[in-house]
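What follows is subunit A paired twice: with subunit B in the first complex and subunit C in the second.
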Partner chain A sequence: MKTRPLQSLLRRLLISEYFVLYLTIVMFTGAALIFPQVGLSNTLGLPFNISNQFLNMWPLLAVAVGQTFVLIVGGIDLSQGSIMAITSVVGAMVMSSALDPAMFDRSPFWGTLMRPEGGVLSGSPLAAPVGVLLMLALGIGIGFFNGFVITRFRIAPFMATLVSMIFFSALALWITQSRNIPSLPEDFIRLGTGDIVSVYLGEKTESTIPRREIFSAIAYPTVIAFALAIFGSFLLNRTALGRHMFAIGTNRRSAHISGVPTNRVIILVYMFSGFCAAVSAILYSARLGIGQPSLGNNLLLDIVGAVVIGGTSLFGGKGSIKGTVFGVAFFVLLLNVLNAARLSPFIIDAVKGGIILLAALLDVTRTRLVGQEGQL
Partner chain B sequence: MHKNSKFIAGLAFTALLTAIPFTQAQAGLRICFGFQDLETEFWVAGHLAITQTLREQGVEVLEYNANEDPNRQLEQVRECIAQGVDGIIIIPQDGDSAVTIVKEAQANDIPIAVFNRPPNDRSSGIVVVADNVSATEQAVEFMAQQALVKWQVTGKTIQPLILVGALQDTNAIGRRDGFFNVINRYNEAYPGMFAEPIEVATEWDAATALANLEAAITANPDVDFIFTSSDFLFPTIRSVLEPRGKWVPRGNPNHVFMGGLDGDATACMLIEQGFVDATGVQDLFLEAELTLNALLEAIQAGQTRPNEVLLDPGFALTAANIQFNRNDMWGCVLYDQGFLDK
Partner chain C sequence: MSVVLHTNKLSKAFFGVPAVQDVSISVEAGQILGLVGQNGAGKSTLMNLIGGVVHADSGTMSLHGQPYQPRNPADAFRAGIAFIHQELNLFTNLSIAENIFIESFPTQRRGPFRLIDRSAVHQRTEALLAQVGLALPPNLTIDRISPGERQLVEIAKALHIDASLFILDEPTTSLTNRETERLFALMKQLQAQGKALIYISHILNDVLALADSIAVMRDGQLITQEPVQNFDVGRMISLMVGRSIDHLYPERTSQPSSEILLDVQGVTADGIVKDIALRVHQGEIVGLFGLMGSGRTELARILFGVDGFESGQVILDKRRFTVSVPRESIRSGVAFVTENRREEGLLMDISIHENVALVALPQFCHTPLQIVDQDAAYSSVRQTLNALQLKSGDIRKQPVRSLSGGNQQKVVIAKWLLSKPKLFIMDEPTRGIDVEAKFEIYTIMDQLAGSGSGILFISSELEELMGMCDRIVVMSRGEIVGEFARQAFDAKAILHAAFREGEALT
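After this line comes the complex of A and B, so read on.
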């Protein structure tokens, strides 16, 4: 049967693994071109705005990489938000250089790990590196706990990680008595806010350049999140572990019979998810300069949404880090476009939900077309 | 958002236009207004008072709802900076994140004002804040005077309970401090009058407050003195006390001395009906006026980093003075105009 050129082009676009990227580019550039024509200010294409949107992407990307791994093995990690909260609090508790007794004297650790002069590493040059390592170790540890409970006791991932989510959120609140932990070291804060390469576009006619005309091109969060994504992609595509993950996600029983160490792989995947959540907690905590017991509370739907939009299946066996990068970009830029459209903040989430549904429907169509191509 | 928001908008706006002399703004200004979920009458009225007054003056208002996520609010403020707005007003989620957000705006030469929920470091930005300690002390003082009479007559120790807000919010801390100041003062003057207060965490969330209050009242059925750190929890308190026969007006022997803080329409009605004894009032209209005037003046003067603290002293509306002071309380203005009937 003959197909018309336009239909053929659309079909090729839809089945491309870069579909979400194309969708994101069309949405963003389309809005940037159309908005000024309908009387809205043209700010989407400004370098400062684009730089900002990238900065918003990195912490979300870090945690989404971990969720991608979990979804590929057919699981789900609801505890990522609470891992972010507890790692943020514990890291800050160790690193803080001053704690107000009026705020923290009801904490169970007051007088031992928390004192008026700060945490146990207060003022030490090792505070930031040890704090970061502790946060990562804790994230990995909670991930191990999740994976162990899921594999050893055959508890559904949804239930096991739901329990972790509730427990560790409550633990973070209990430790801090619901208060943010301030006074973090500058070395740590730089991880969330520091620029490695900043750019100024324009003539230099005055002795000083206003801060808002200098935008971040490469920041510490850029490097950290990118490194994590590349590492994740390498694990997924170039190692036996990655192949095992896809096998488990496609059919766990068959994978087990084929000799895949399913339990070990699943535990490793949840450990990696915890590690990614801890990395994200480092980026979020550093840029606000506080350990936050409510960190990640509202983030789970954004994480899972971005990963699924990026083409990772909720049923396992399908997904890629590249797709997750595109999904996160779509999520972040969609919000930027909706804000620039001057929609009421009270309906933005509803519109966002509708557009995500549309994107998901396109993805379903795309998957069907890919399946048909495979049968030809 | 509150289902009666449009109605409140009309009322708040009408009240503002008649009550507040605003600095005349230049048309063409763009101001970014970042807030959290509007879960209480106070925030709904405050949000609408600010946005509609600015728009009435020809100012373009860019609104951002951070959904109680300080990281999201930081991202939104950066977006405002990227858009080159003339000024920023925020209602932050907590005093710690507010410090970072104010720094970010000032580093980019955008004047910023913080409405009602102050940063822990008040040296930067325009900070408009209610004196929570004073307003709470005034309300709890009235409650304590009533309780003193009961204690002197019956000799029975009064069991106080406080519903505490999210303690990373300096407003919540101030209200807790004000409550304890009065309790401690009375215990020094009248040893044995008050038992050790019970603290119930609410996290500014009605569901959390309900669960924790149920547990606290079940464990301590003799509670007869309740202070809520925000008036929006009075319906929650009622749902716990009513089945136990303790939701009764003044004069009934089972009456629980009750007070709060905010000064909303529900509190006004309950004081009038006798169920609540006092509430500390934040003067919403004054705070909105102070915020807008200070920010617009800074913009007009070309100041990019204005720093000042503007204080709303607050006052207590009590069963004894409601007849005379009701028109000063924003909640009573709404109540009198039929807000609770809609």
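After this line comes the complex of A and C, so read on.
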């Protein structure tokens, strides 16, 4: 088969790992030109917006890393959003330093774990560290439960995590009676907003710079999400666990006969997924300063969409954290553009769905192209 | 008598390997043609050609004197050829009636709609079921009836389209004695109605009792088609075995030692294998022969810990070996080359390197995070593949899928070699690969035995077992029914044991 230069370029572009990154840059620059709200019209708008978009990206990235793992072993974790809700609520319940009786006196834990003067660790210097550890442990625990149900009782991942999704979402609402838990400790809130490196663009003419003109370049969430992504990528590419995950996702029976401890690996993967959801919940809750029972409610589509756009296959056996980072960037910026275009939320959701469909088509096309390559 | 189906010099090759060569047979109305031959002789391919499942490379067919060229199974079915497979083609979630009428339901106009005429379907199905001797309600779903009853439903379905030729491929393997009798009675009845039948079976006595003429196939060729009177079981077997063994196999370069490596004592799994006693010595290649469904593959799976068993024990290298999961078997030094490399042997879409490194991964890992030492893994994999003379591109990029069958099998063997096993269980290691690659695989087996490993070599090709093994153990219906030392190898005697002469039904 003879290919013309243009075709072969297009082909290499489609197969490239960086395809989504290129796409993101093209989309965003294009949109910035069309919609002034997104960027370029005023000198401060662009960096401000970009810095803001990055802040949106980190919690989504954290949870998407976990979903990438689950998709690679050929599963799916629908419960991530609910894990975020329940960990957010439970963490906040322990850490809060003041709870309004008028809002929480109907909670099942009112008077025991929740009191007017706050949670059990109210005001303690240990509140933030213990709260964080508790949230992580809870996320890992729910992940273990998912993995255990899936491997022990051979229930389809879709079913098992659907049950978790409904159950823990309801539990979070029940505990809080649908109210957000306020008054979280400063130490905790810093995890979601604190800057490590900030940037000021422009001439320094005054002795003080207004806060709104300083943009966070590297914040705690940046470091946390990136560390998680790098750790995930390391697990996936450098350890036996990662190799085993790809083997299971490609052919579980072959993997089992080759001595891969399939059940153990699958349980670990769902535990990691729960852990990532908990990290994401920490970042979101800290940024919002509250424990929110509706956290992660509508996030499922965004998570799966971002991961699939990043090249991870829904059929298992294929995927990378690098791809997921690009996928998340694409999704967040796409949302930014759609919002800037002042589209209604309904249309935004429809567009999101369309994008995921395109991503799935891209997955199929890539597989076909790579297959042709193999025969050359 | 009129000829229903005639094939003229049909040929079909798969990947350059001929499966059917210049085969000309004919079936007459009111006759049963028995078709016999070893596994891989080309019987199934021939039937798949007739049934439209595969297309001939050359040659022609005629049906009732008209040229016949089915493009797909539906075509063949509409032409009146009913193919009753080993694996049945019924929708288990639908009812008997729905299965019979699936191609086209009788309809009735009701206002603007065309609705299925339920009562017509019901009545017609009842009539058809009566014809095949089944007293079942038409609305029963297929998953609630037995394999034998399902076969009769298939026949009823064929009667519904007024088929003129019935092909039955090993129909009795999953049937009880009573069901088999009922099937044979029905076949006689169809014959009396002037239908033509092709009956394929490994139970030679059944074939002798039922058929009017017998066709023997070997290595893709038709050896003879003659009236049944010209045959007895002995002649059929000699014709099936045919040529003597020449240099298709490498010389064995070593002798087995007297040290027992594997000792299987009375292993029993209900309804699968019964009271298996089997020994493999160091450096020995033991052949395990049996027909399809004899329990040979099942035994291999039990020994490797894929499936469980109820009683008996397995001793490996003088230590009692609790067979539990493959992971433990691998640790104890057992390797398992599965019969279906696509489904259970390989990760088809993953690179050659990843496939080979998978089993021995723990060897290359550093604790506590189980970090893989990539360089060490790569050099071991490279070394092993070089020793096996694998022809490939970049092993870290090329997926296994793109390799030929023979090279895929080398990848399977390589991945087990890396874990340095004492005992190899190889289930059909040469299935679907060409002659040259087969020779290479045999050479590897000889080298393994030379280095002191024991090999349990399972195959349905008797010739290769006789060419390679020190001993052949024969299984039938889940039991070991015979054992032959190399000096006493005799194809006829081994086949007699495998066919369990004299124990057939009719």
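Everything below uses one rule, namely that the second predicted complex is superposed on the first by the 345 of 376 C-alpha atoms of A that agree within 3 Å, B and C clash if a C-alpha of one lies under 4 Å from a C-alpha of the other, contacts with A are read in each partner's own complex, and residues count from 1 in each chain.
Just so it is clear, a residue touches a chain if its C-beta (ideal position, glycine included) is under 8 Å from a C-beta of that chain, and two chains touch if they have at least 3 such contacts.
Since this is a predicted model, take the numbers as computed values, not measurements.
S.K.: Putting subunit B and subunit C on the same copy of subunit A, do they fit or clash?
M.R.: fit
S.K.: Would you sort A:255 into first (subunit B), second (subunit C), both or neither based on which partner it touches?
M.R.: Once the two structures are laid over each other on A, A:255 reaches subunit C alone.
S.K.: Just checking: does A:246 make contact with subunit B only, subunit C only, both, or neither of them? Give me first, second, both or neither.
M.R.: In the superposition, A:246 contacts subunit C only.
S.K.: Determine, under the contact definition given at the top, whether A:56 touches first (subunit B), second (subunit C), both, or neither.
M.R.: first
S.K.: Of subunit B and subunit C, which one touches more residues of subunit A?
M.R.: B
S.K.: Between subunit B (first) and subunit C (second), which, if any, makes contact with A:174: first, second, both or neither?
M.R.: In the superposition, A:174 touches no partner, neither subunit B nor subunit C.
S.K.: Taking the superposition as given, does A:110 touch the first partner, subunit B, the second, subunit C, both, or neither?
M.R.: Neither partner.
S.K.: Using centres of C-alpha atoms, tell me the angle at subunit A that subunit B and subunit C span after the overlay, to the nearest 10°.
M.R.: 120
S.K.: Just the number, please: smallest Cα separation between subunit B and subunit C in the overlaid arrangement, in Å.
M.R.: Nearest C-alpha pair, subunit B versus subunit C: 33 Å apart.
S.K.: Which positions of subunit A sit in both the subunit B and the subunit C interface?
M.R.: Common interface on subunit A, subunit B vs subunit C: nothing in common.
S.K.: In the complex formed with subunit A, which residues of subunit B make contact?
M.R.: Of all residues in subunit B, those touching subunit A are 1, 62-65, 67-72, 74-76, 78-79, 81-84, 94, 96-97, 99-100, 107-110, 120, 166-168, 173, 201, 203.
S.K.: In the complex, go through subunit C and note every residue touching subunit A.
M.R.: 304, 306, 325-327, 329-331, 336, 338, 343-350, 354, 357-359, 361-362, 365, 369-372, 374, 398-399, 401-402, 415, 419
S.K.: Sort out for me which residues of subunit A touch subunit B in the complex.
M.R.: 41, 43, 46, 48-49, 52, 55-56, 59, 102-103, 177-180, 182, 210-212, 284, 287-290, 292, 294-295, 297-299, 336, 339-340, 342, 344-346, 348-349
S.K.: Which positions of subunit A touch subunit C when the two form their complex?
M.R.: 235, 238-241, 243-244, 246-247, 250-251, 253-261, 317-318, 371, 374-375
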